[in-house]
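Chain lettering (A, B, C, D, E and F) follows the sequence in which the chains are written, and residue indices restart at 1 in each chain.
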Amino acid sequence: MSELSKELLSPQVIWKLETNVDDCTGEAIALCSEKLFDAGAREVFYTPVYMKKSRPGTLISVICEENKITEMERLLFLYTSTIGIRRTPMERTVAERRFITVDTPYGKCEVKVSTMHGISKAAPEFESVRVLCEKAGVPFQTVYAAAQSAATEVL
Amino acid sequence: MSELSKELLSPQVIWKLETNVDDCTGEAIALCSEKLFDAGAREVFYTPVYMKKSRPGTLISVICEENKITEMERLLFLYTSTIGIRRTPMERTVAERRFITVDTPYGKCEVKVSTMHGISKAAPEFESVRVLCEKAGVPFQTVYAAAQSAATEVL
Amino acid sequence: MSELSKELLSPQVIWKLETNVDDCTGEAIALCSEKLFDAGAREVFYTPVYMKKSRPGTLISVICEENKITEMERLLFLYTSTIGIRRTPMERTVAERRFITVDTPYGKCEVKVSTMHGISKAAPEFESVRVLCEKAGVPFQTVYAAAQSAATEVL
Amino acid sequence: MSELSKELLSPQVIWKLETNVDDCTGEAIALCSEKLFDAGAREVFYTPVYMKKSRPGTLISVICEENKITEMERLLFLYTSTIGIRRTPMERTVAERRFITVDTPYGKCEVKVSTMHGISKAAPEFESVRVLCEKAGVPFQTVYAAAQSAATEVL
Amino acid sequence: MSELSKELLSPQVIWKLETNVDDCTGEAIALCSEKLFDAGAREVFYTPVYMKKSRPGTLISVICEENKITEMERLLFLYTSTIGIRRTPMERTVAERRFITVDTPYGKCEVKVSTMHGISKAAPEFESVRVLCEKAGVPFQTVYAAAQSAATEVL
Amino acid sequence: MSELSKELLSPQVIWKLETNVDDCTGEAIALCSEKLFDAGAREVFYTPVYMKKSRPGTLISVICEENKITEMERLLFLYTSTIGIRRTPMERTVAERRFITVDTPYGKCEVKVSTMHGISKAAPEFESVRVLCEKAGVPFQTVYAAAQSAATEVL
């Protein structure tokens, strides 16, 4: 196993930030998400939740490293209506990842190969599949499967 | 079968109004819902949906009679950010309903008895269960089941 | 084009039944879904919705043929807390479907081939993929892609 | 009332297409949505639904004019795993819309003014607010409210 | 910076309690939420989740201080079907808050001003906006924006 | 209080594992859930979330004991598209549980009795209610309430 993968498989600490909003629009939340990704968030996702007084709300979750917490809070405050943000550290197991290029009946496709606990699997890169799919005019899943299969054969 | 129930079981037409918003807050949607109910909506519910540009949105649905459509549209326009409302008529089968009062170990409880396609069932009235539950300090489901059981015995 | 496919591609009318419940448990809704499928529903799905008084509710939707409406209503009334069911007819475009068996590195796999508007695509049968996946101990998507690719080659 | 608004307020017929998928990935659904918008869909949204065998599924809904139905079906079939698409016509009430430019403390902002059933309201254009907000470094809602207020004053 | 704001900006510990239910009705969950707020919960929200055997379930989350945990557990047990409750401590960053009253074209409105990481923003109080909106008969967002803008000018 | 209940009421540590996927199908997620339960997960649930680029995604959550973490990670990696899994320990309060059999008008029914913070409540076993309900042809809730009531009387 490479040095890189050893580091990746050792316990990592990552932070999860959370805030609930019921007085913010969807377009503001989406813009905030874009800003959080631009500033280095590892993951941003939002969940529809039921809040007090029959209000549909949104739970915004941000996964980031410890040194990004203040910047993430600043962006959440700037782009949404939040006035309080919770956070908790989490351990993380991350697969070892590498990228390969495979041949498919529709052209060359980039594929991510990941390995965890001794198992390997291949996931075609979305943008790469999209381009082939648009050029060939065939179903998205057809190109995706072709690239995934081709990658499995060379693992 | 009573006159009432015959009328209830014949096909009814009811309207469903729908609008999607991604630039409206949850507290405005909840207020709109309250206004729609006050103005005679049979049902108002909202569903979290995924809209364009990664925006969390809300599909607002209103069930009402045909003569309420204009007023429902006016309220939707006034309290939310909508600029377009769709609608479709639907047929409806409604159970015959009557209310009875039953004795439970926690006090008297109002129960709705409904009948459809030859089957009857009992559903305790929420506010009635709540009062008994708060007085007795026992689990909500315990009071609910007691009232439901008592009603079933007298059907 | 076969007789079957012509029939499938001409406009069909199918019914959509809907009901909202906020006084029914999830385990009852799941049981109702099972009963509806057993009785011939084409599709049953439920959507989390926000109902009045801050209540999390469920919108139950059933897709069925016209001659099944009464039985579907009976089952909805029997297994859930519903007291009113809406319905609307819908047109439907259905792909022409046939089943083929393909060879994969993990064994033979059944695949559904569907055609609509001149495009064909392949979708491996879930149960068939599951069996191969469990036997080979490889990722689900790896087997799925292998079967999908193999089917595409013989289309 | 202008010619345009009269036309907009008279009942329009619009189509709603729907399909449920439980064997399609989120990235494929998002790509399909983009293609549907590019091809003229008035609205595309998707809803998380519970499907058979404990599967999380997605209900994809497309709002389009009648002459777009075939193209929408073709794209749904090409980019997702769907094998059957339902549709129903709906009436629609649409607000009269016009665009104005207003001055705010952060710069000029484009605002959409809409009118329905005698009521007018203003909604700042998202991209216009975003630009001012990024330049001024102030909260999104602060710029949004300034533009909305400024537009209200000139209605 | 005031004493209050310094205290608010230093890391706080708050607890998050969670439980999943699939055998509880929506009306019971909503009642429980009301009781939890009455007993001092800082936040209560619920999320639709998919649970085993195709059951639509609800994840109930409660945010509270450490000395409230036992009472929150007691209420969750009493009003829902839960038989097990998880909990975890979380750090929290809270904005400094103060309330001001502003003049709008529709009357006086209360606004909450919050400050975090050097940024300030204003959020009109919902009940205050509702009253003005009902009196003036203008769109909710129109009043909201007027109050938000007026508050920004005096920050 | 029995030895068992004392142990159950003392703080327990349980782990929560989480991963987000937007490139995995619903049928794969459901299969993974089944495998996780088979391997000893205490709870598995999934939540619809909004992920980047307008993608509908799923947050998969697994509750398990510490010594199961590696096996849970292996199954998540094998059956879904995940390439990274987060985890956090949580304390847990669990009710004391015992099972009793009660007589109902529809036959004998198994009921779970649980006790927490001095309160007891009864929950009929789903499979037991289902059997009686199918045999008697009466509404699910009618049988459920009868069993719940009968159990409450003997607590």
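Following the convention adopted for this analysis, a residue touches a chain if its C-beta (ideal position, glycine included) is under 8 Å from a C-beta of that chain, and two chains touch if they have at least 3 such contacts.
In this text the structure is predicted, and so the values were computed from the model without any measurement.
**Student:** Which is the least count of steps on a path of touching chains running from chain A to chain E?
**Tutor:** The fewest touching-chain steps linking chain A to chain E number 1.
**Student:** So if I look at the partners of chain E and the partners of chain F, which chains show up in both lists?
**Tutor:** Expected: A, B, C, D.
**Student:** Which of these, D-E, E-F or D-F, gives back the A-E interface, meaning over half of its contact pairs coincide by residue number?
**Tutor:** E-F
**Student:** Please name the chain that ends up farthest from chain A once chain centres are defined by their CA atoms averaged.
**Tutor:** Following the centroid criterion, the farthest chain would be B.
**Student:** Same residues or different residues: which describes how chain A and chain F meet, taking over half shared numbers as same?
**Tutor:** Different-residue interface.
**Student:** Suppose chain centres are the mean of their C-alpha atoms. Which chain sits farthest from chain D?
**Tutor:** Farthest from chain D by mean C-alpha position: F.
**Student:** Using the average of all C-alpha atoms in each chain as its centre, how far is it in Å between chain C and chain D?
**Tutor:** 28
**Student:** Need the CA-centroid distance for the pair chain A / chain B, whole Å please.
**Tutor:** The answer is 38 Å.
**Student:** For chain D, write out the residues touching at least two other chains, lowest number first.
**Tutor:** Within chain D, the residues that touch at least two other chains are 23-24, 27, 33, 46-48, 50-54, 56-57, 77-78, 81, 88, 119, 121, 123, 126, 138-139, 141, 144.
**Student:** Touch graph of the chains shown: is it line, ring, star, complete or other?
**Tutor:** Its topology is that of a complete graph.
**Student:** Considering only the defined contacts, which chain B positions touch chain D in the complex?
**Tutor:** Touch residues, chain B against chain D: 18, 20, 23, 47-52, 57, 59, 70, 73-74, 77-78, 81, 83-88.
**Student:** Would you tell me which residues of chain F are touching chain D in their complex?
**Tutor:** For chain F paired with chain D, touching residues are 21-27, 29-30, 33-34, 46, 48, 51, 53-58, 81.
**Student:** Flag every residue of chain A that touches chain F in the complex, lowest number first.
**Tutor:** Counting only chain A, the residues touching chain F are 14, 16, 33, 37, 43-48, 61, 63, 88-95, 97, 112, 114, 116-117, 119, 121, 123, 126.
**Student:** In their complex, what parts of chain F are in touch with chain B?
**Tutor:** 48, 50, 52-56, 119, 121-123, 138-139, 141-142, 144-146, 148-150, 152
**Student:** Show me the residue ranges of chain E that touch chain B in the complex, using the header's touch definition.
**Tutor:** Result: residues 24, 27-28, 31-32, 77-81, 126, 130, 137-141, 144 of chain E touch chain B.
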